[in-house]
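Just passing along the structure, written as structure tokens.
Each chain carries a letter (A, B, C and D) given by its place in the written order, and its residues are counted from 1.
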Amino acid sequence: MINKIVPSLAAAVAGIRDGAVVLVSGFGASGIPVELIDALIDQGSRDLTVVTNNAGAGRTDVAKLMAMGRVRKVVCSYPRSAGSVVFEELYAAGKIELELVPQGTLSERMRAAGAGIGGFYTPTAVGTQLAEGKEVRTLNGRDYVLEKPLKGDVALIKAELADRWGNLTYRMAARNFAPTMAMAADVTVAQARRIVDLGRIPPEEVITPGIFVDRVVEVPNPKQPGQE
Amino acid sequence: MAAKPLTRDEIARRVGRDIPDGAYVNLGIGLPTLAANYVPADREVVYHSENGILGMGPAPKPGQQDPDLINAGKQPITLLPGASIFHHTDAFAMIRGGHIDLALLGAMQVGANGDLANWSTGDEKFPPAVGGAMDLGAGAASVWVLMEHTTKDGAPKILERCTYPLTAAGVVDRIYTNLAVIDVTQDGLVVREVVAGLEFSELQKKTGAALRLANDWRAIQV
Amino acid sequence: MINKIVPSLAAAVAGIRDGAVVLVSGFGASGIPVELIDALIDQGSRDLTVVTNNAGAGRTDVAKLMAMGRVRKVVCSYPRSAGSVVFEELYAAGKIELELVPQGTLSERMRAAGAGIGGFYTPTAVGTQLAEGKEVRTLNGRDYVLEKPLKGDVALIKAELADRWGNLTYRMAARNFAPTMAMAADVTVAQARRIVDLGRIPPEEVITPGIFVDRVVEVPNPKQPGQE
Amino acid sequence: MAAKPLTRDEIARRVGRDIPDGAYVNLGIGLPTLAANYVPADREVVYHSENGILGMGPAPKPGQQDPDLINAGKQPITLLPGASIFHHTDAFAMIRGGHIDLALLGAMQVGANGDLANWSTGDEKFPPAVGGAMDLGAGAASVWVLMEHTTKDGAPKILERCTYPLTAAGVVDRIYTNLAVIDVTQDGLVVREVVAGLEFSELQKKTGAALRLANDWRAIQV
């Protein structure tokens, strides 16, 4: 029998190793898996690479993980959101590494990892600093940069409904990076507002098929980032 | 008559008039987002957001904000009938694939060759942040820049070549400033409209690249 | 106002030029836009390249278009379905060109066209005849073939619900190639079983957002392929 | 005792027993599809189809076929609770991305090096057709081949190197035939099971590549 439901947040993040690449869903405050991040904080792994669009806000969740010195490197498109004070302090002090990636390239690189694509040519960033050191190639009369897949050891994502096979739906634009990150990690962990019986999510309405999901934990009243 | 630069609202109003009926439009943070308020009521425009939304409507009434309905600037939005939700990778497939008819973006500098600089001053004190700017610059079918004509210190933001790090090369089609409306053409910058009372020679002085006044130029109407 | 609804099948296929690349949705008999293909037959354009998974069955729709000598080339993965007699005859007689593409590569090449990707590296077909003449490159220790985007001038697809903005849903696995083809063509034409008022398709249930669709025509009782 | 080769049903039955609980499995057309009927009832296996389905169930009752629920062989199928529908590009992302644990495929030839040939005999009279075979060969985490041990003419289908055009190089992990179960290892072909009554030397004669009998080999149980 397939049962991806785990009984606790601790079980959901168990086994994340030091040095792991952790993909974290969310855009701004929407879609951030706050409870899973808190569980990761408690879990204790260190030297992490965190891939996420923004670099945390305030002093909670991702920002807290960084403030604890647990994050070696951030891969993101926009680390300078309102309130990204922790990241800015660490960056200014040279205590955290940043790989800045254009937002669409960030998403496409994770999609490539999930879809078995070894690399792709994108017009984004051609002629800019973010293409420096990368192969540029003219294809069909246009210049493109070669970008490589970005794979996670773990993805932490926030869903709305889930079932024991790991099928997921999302709430409105909280969907953002989650379906792509689910494809791109060796172990994908979803917190869902509600776990429903198998078959309750109509097949045509499943957004992330369970094949991409390894663990599901129910979090009925998820916190917004920054909420204590 | 003394020239009176446009206010931010007036720039937005001027741009709103040019957004075509039926267009798929991505709005940058700030001034570009304002422009949506001034599209004539008989036009239907579909607004796109990088976080997976098409069909954004006006801001919600206070107390009706939904934390999972926000635009790229993280402001709360509403959905119009006909709206759709999709994931980030699809949102950027729309951008990169040329499906967005028009991106309205802010800028720090624009080159006479259409180069766009709007993500970094190169100041290493601050961590760099790019968001979706490079994707939009490279991918949108048309790019219009909305900005003040000069910096707060009066330095020109329109230059022969950008001095700040580029966002995308040769992509800007049109520039709306508080002083003028300027097309970026293969033959250089062509001034279509000038704020009332401003001499062309004055405009040229505030601009770091050669301007040419269109034969059919006129005063900006707002 | 945006109104992508056209009043007739003839209007739906108007303007398709001789020599056009036409993407046609469907897998087996499921998802084939029979009425749009019939309209294309009546429309008269010639010298077409048809991109579709199978190469027609029986003597109707795509097979009929081929039998009329209107198709110069077929790009597909599996031209030898049960009953693909017309294609086989034309192929044996050297009267039709075939570009055989592995099914996943076919779909991914159209996705690349739709997503603005200039090329991608896939492990599929490495070391086979279908990689001959193509660049092979080792990335991260594995061999990949470089594949190029496959763009349509027109896509003809079959949908379930549509609205005047062109938002689409599909019926079960009739979805197959349609969402990808919709992205990949300059002009995407959808026949829908039912056109509904704007707003009737919940935003989270839209499968193909209207941005990828140019024309919609209602076909309330679509024929199955082969049905006269 | 005279050796009695397995029937098609018996091959399917033998394979069914090896499909692990919880696996995501893609079934090729024909014999592989039969194997699903013989998975022990206490296992839950999720079947994938290239046309965008996960969670296929048994064939529908007559009269209950849905033309839009078919498998890769275009046969009508049903959906189990927990099934999901997605588009073709996502279906192949699952394949190419290594998310399919196991592909059961038919073959014309298999090489001792794991090479798979199952799409073309090279005969130019017929148009070639490949479908998803190359994607599955290259992408699935494990590939098991189900086939007759020899051609109808008695020629071996397991060879040192395939003579037919390849589907994928070095991808086959295990071969189930009507005579034996054979693992493809870095040290060559290792026979795990042999049909009752067949001498190893006889099996070797019907095989175009060197076989090694596993120390713990046994008779195939069906």
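Quick note on the criterion: a residue touches a chain if its C-beta (ideal position, glycine included) is under 8 Å from a C-beta of that chain, and two chains touch if they have at least 3 such contacts.
These figures come from a predicted structure and were not determined experimentally.
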{"item": "Steps in the shortest chain-to-chain touch route ending at chain D and beginning at chain B", "value": "2"}
{"item": "Partner chains that chain A and chain B have in common", "value": "C"}
{"item": "Selected interface, B-C versus C-D, where C-beta contact pairs are more numerous", "value": "C-D"}
{"item": "Inter-centroid spacing, chain D versus chain C (mean Cα positions, whole Å)", "value": "30"}
{"item": "Centroid distance [mean C-alpha coordinates] between chain D and chain A, Å", "value": "36"}
{"item": "Distance between the centres, which are taken as Cα means, of chain C and chain A, whole angstrom", "value": "33"}
{"item": "Junction residues of chain C - those touching two or more other chains", "value": "108, 111, 115-117, 122-123, 172, 175, 203-204, 207"}
{"item": "Per-residue overlap in chain B, given as positions that touch at least 2 other chains", "value": "85-86, 92, 95-96, 139"}
{"item": "Each pair of chains that touches, named by its two labels", "value": "A-B, A-C, A-D, B-C, C-D"}
{"item": "Of all residues in chain A, those that touch chain C in their complex", "value": "108, 112, 115-123, 137, 139-140, 142, 144, 148-149, 169-170, 172, 175, 203-205, 207"}
{"item": "Touching residues (chain side chain A, partner chain B) in the complex", "value": "27-31, 55, 77-82, 87-88, 91-92, 98, 100-105, 107-108, 110-111, 122-130, 171-180, 207, 224"}
{"item": "Chain B-facing residues of chain C, complex", "value": "1-2, 111, 113-117, 163-165, 167, 183, 197-199, 201, 203-204, 206, 209-212"}
{"item": "Footprint of chain C on chain D - complex, ascending", "value": "49-53, 66-70, 74, 85-89, 91-92, 95-96, 120, 125-135, 138-139, 165-169"}
{"item": "Residue ranges of chain B touching chain C (in the complex, touch as defined)", "value": "21-22, 24, 42, 44, 46, 48, 54-55, 79-86, 90, 92-100, 139"}
